[in-house]
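Please find one structure pasted underneath; my questions will follow.
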């Protein structure tokens, strides 16, 4: 039983069905009806007029967001454990043409206005230093914590004061919203978010993420950048279909809830082995190498995060029955 | 009935079935068995050891090929009507970090050693001029013509003499091989091709192209560039599955033959309306605006290529019964 | 006697004297009084408020101008014989992060609205094509011809209509103004020029060119781009001093006139050997290899431009006495 | 009396004289005899065959060095207080096309093998992380400390073991060599340095630095990158002349010694106010705002480095008589 990554999970049957239903002759690129419906679908969801686009990966969504928010000679503040810093092989630098990431601290990979300012206040306002133009936060974070609307808003306020933009990497946005029970609007543009990478692939999709611009003027240049990067799929209708299938009937939030619930079961079993509070679908445990080996001997697979620490990720498709044996095994360790 | 673009065609059922069969928990990115089998599958097909990778688009395949062959301060010779010059919004410039395309002539969008040298011989060998590092040819070409192995080899010989590399944009490689009846090896590495963009999407695939390095050392840096561009799909097994489904039992060449046969039917009906010889699946016709309107009134859809000229593309899924009405309508024009 | 290039000429004594007079302890970078005076000096010269900056080379001035006018995914129309296309090793592509140059025709390396439109009208307004954002003209041109204010204005009008910006490469701006006898304002912003690379190095300077923004808002980001390219000299006062020395008492236009007068002497001697009308300080002659050899045997040095064609450049420091022997030798050829 | 920056110092009279002596008609770019002599001059100085080039700034020298050592998808380890990180507006990212700087610690801005490994050992060797390709050290450092040959060699050994290259930013290389009394060879290639930015501008030059490749094959591509960045001065002989004037009779090391001696006088006066040991020409002092004000009231100018800390830089031209009043004023503070 694999708890390695939500990227390893299968595609939701409804997503497959939607792709199959789209398998007819249609217009190429993003000229099909489904692609053209995305603005409206996401404007509904977010209760405001947005520009929404599909992209084939979270990395490309994040990078094109940052390219829209930061010139080549600027910088973007992010957490030092952020995906954009550590897991994208320099994609932000590629897409922004060499902007710099400024690394800030914060428990559980969460930034705060204070940790952001600890980095930016030290930067003299002159041409020799790379000046900040944007902040990027991840919700849920790389450690499975969730920014609340008011925590986002505190950062949004700082950004607005400073003249910076705010990006949210929502590879696990569904898990964050599911945890909070808030509206998508409250967690994003009402809290100052300008652009959201809205993840679907980890949450039952196959190859489609969405990029949401809450200030439509920021999308100027996006279509060209997407095309120029080879990201404008020639059969884009299959990407749009995936997203729409997950939006329909709130399947996206249902999947997020399911994954969170599984992680909760593991967290409850883990007690004080937890490295971080469990708010989304990731569980970080303190285990000895022998304990890790004993879990693996039982057939459970997971990622060695750091010495004495492992990461378990629960995907949308894990039932309580799937998870119970692992929860029991963890409880039995102590 | 649409004859607009092979990008508008549906996905082959076998490709869908292969994706569905892959819809289980598996390893993320390209660590799955199918992705790892691509080197072997393409080495078999090409009768030599190759490095093979999936990519989500032809534009990204072409651009990453060029980035492997040309430094930022170099240039690439291509036809002035090449897709990389006219239809990719500057993707080669983005991926190569600013290399220049040198535009050469040739009937039917085919380069020859002579047309290449007409451009490159004029370039002084000094630091002020951007020096050529590679040639890129498209087979079948943008006008549906096919380079023979010996025509490719003539360009390959020139490239080797000059120290340049040779890329083939094979978005319609299947149509070219189907037309020629040669082996894939004869049309590529045996004729001096270093890297091939092997197209599957126009030929029954959904979202997977392959990039084939015939000199494995050229693939150094490719994995990083693919990741850094957000092109390393987190659920890569679905891309690999598409390619493998099309390789199995020669489905790729069968689809190419089918599309070519349909174009042949149209060509035979068109007589001296043909702008170019029809060798692959594209048909360019001289028609007046009234004639074009009359065809459209019959329910046929196609692209206005130039004043007095339209383009018809036949996809893999068009049966003789689908095409006959259009052929008859064309024949009836005169 | 060398007539090879105006880059080979010495530095004007007044420029040297100005650098020597600046050789005291002062503020680094461009914080010194001379650098800070450039806006005012050029605003006076151009009779409008401009932003003006020094740069160490014409290539960097041109490239930073283009980076200010064109996004990475855009294109710039220039003559196919333009310096930015053929003599800068891809600097525009480097500084713009991969914009494309669109090559247009025109006698004597001069663009016209018609030759520009011959290129741009063929570009479909979609995301697949690289869209034009700017035009760049060279005055005096690479062949020593001069655009008049009305010729520039015709291009400026087209640019404004299309929403493009207009750059003038004025590496030999002094020669153009000297030929026309117009004001600098008439030849630039009054005719629609947005940014001017104002050359001083070929005209008696050592290592300083000026970049002039006629719409100050276009200079946003310029200081960062200049710094980031390593072009913000730490002892910038010596660059500013050169420019100011050439502006003082109109030395720049005096030098331009002197060079033009020398070229005129050669042109008058050359008769129908002239390939192009001589309007600035460059003379292109039709000579046989034997004739070229005979001139060289007399001690004259020059550049072989093309088969049967040589280029002679007259620098600011060539006196009539210097030039007369060459004029006589040319006249004696026939 | 300014102790603000060695960039604010004047140009050495011998350097001016050399430029004046070069003020004749000569070959453009780097075709002149002086430019062509640089390989030989620096090969002599470094006792090995090197490739040496002039550049107009330290930032461009550093950046072109890094571009030669690191691909766009790689990273370079440097100190978190390094000039390339904090004072060049992202020039390394611009020239490398988006490589990442990895920031390591170390007292006095000096890296050690241990502080480097503390950063790099945490980087998994996979395609998601940006892999290190080079280390860049600054000698003398941003805080005026000097790496000894054995300290450099320890880093050089680590680099060789890991397959990384080693760059030395020698903006104050003269001060480092003057302090150590070693040979330039011992401090560079014999200790594993692959490329050196050899500073002249802070040390009596005007606008010329040198970039020295100790492994000539690393210089492949450098001429094109220099040209493409607009850094190939059209009148390069004046840059070469500056460097040669400073190399002649060891003027460079004499100037370095003079500056160091001045800093030593200040250090001796400062006692336990010193923030860092004084080994080169920079002095960092702990002073209260009142003390700083009192020094400034006496006519001394300097840089506020941090709260309670100021930086004094002694340039090559400060005599003991110039410095004594400041030394006495500092001593009198306590």
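When the chains are written out, they are named A, B, C and D in that same order, and each has its own residue count from 1.
Heads up, the rule we're going with is that contacts are C-beta pairs under 8 Å (C-beta built on N, C-alpha and C of every residue); 3 or more make two chains touch, one makes a residue touch a chain.
Here's who's who by UniProt: A, B, C, D = Beta-eliminating lyase-related protein.
Everything quoted here is computed from the prediction, not taken from an experiment.
Taking each chain's centre as the mean of its C-alpha atoms, the one that lies farthest from the centre of subunit D is B.
In terms of C-beta pairs in contact, B-C outnumbers the other of B-C and A-C. Each chain gets a centre from the mean of its Cα atoms; for subunit A and subunit C, those two points are 50 Å apart.
Our note on geometry: subunit C versus subunit D, Cα centroid distance of 34 Å, whole angstroms.
Our note on geometry: subunit B versus subunit C, Cα centroid distance of 42 Å, whole angstroms.
Across the assembly, subunit B contributes 72-73, 88-90, 94, 97, 127-128, 224, 227-228, 232 as residues in contact with two or more other chains. Touching subunit C in their complex are the following residues of subunit D: 2, 4-5, 7-11, 16, 19-20, 23-29, 55-63, 88-91, 94-95, 201-202, 206-207, 224, 227-235, 238-239. Those residues of subunit B that touch subunit C in the shared complex are 72-73, 75, 86-90, 93-94, 96-101, 127-130. By the touch criterion given at the top, residues 71-74, 97, 127-128, 131, 221, 223-228, 232 of subunit B touch subunit D in their complex.
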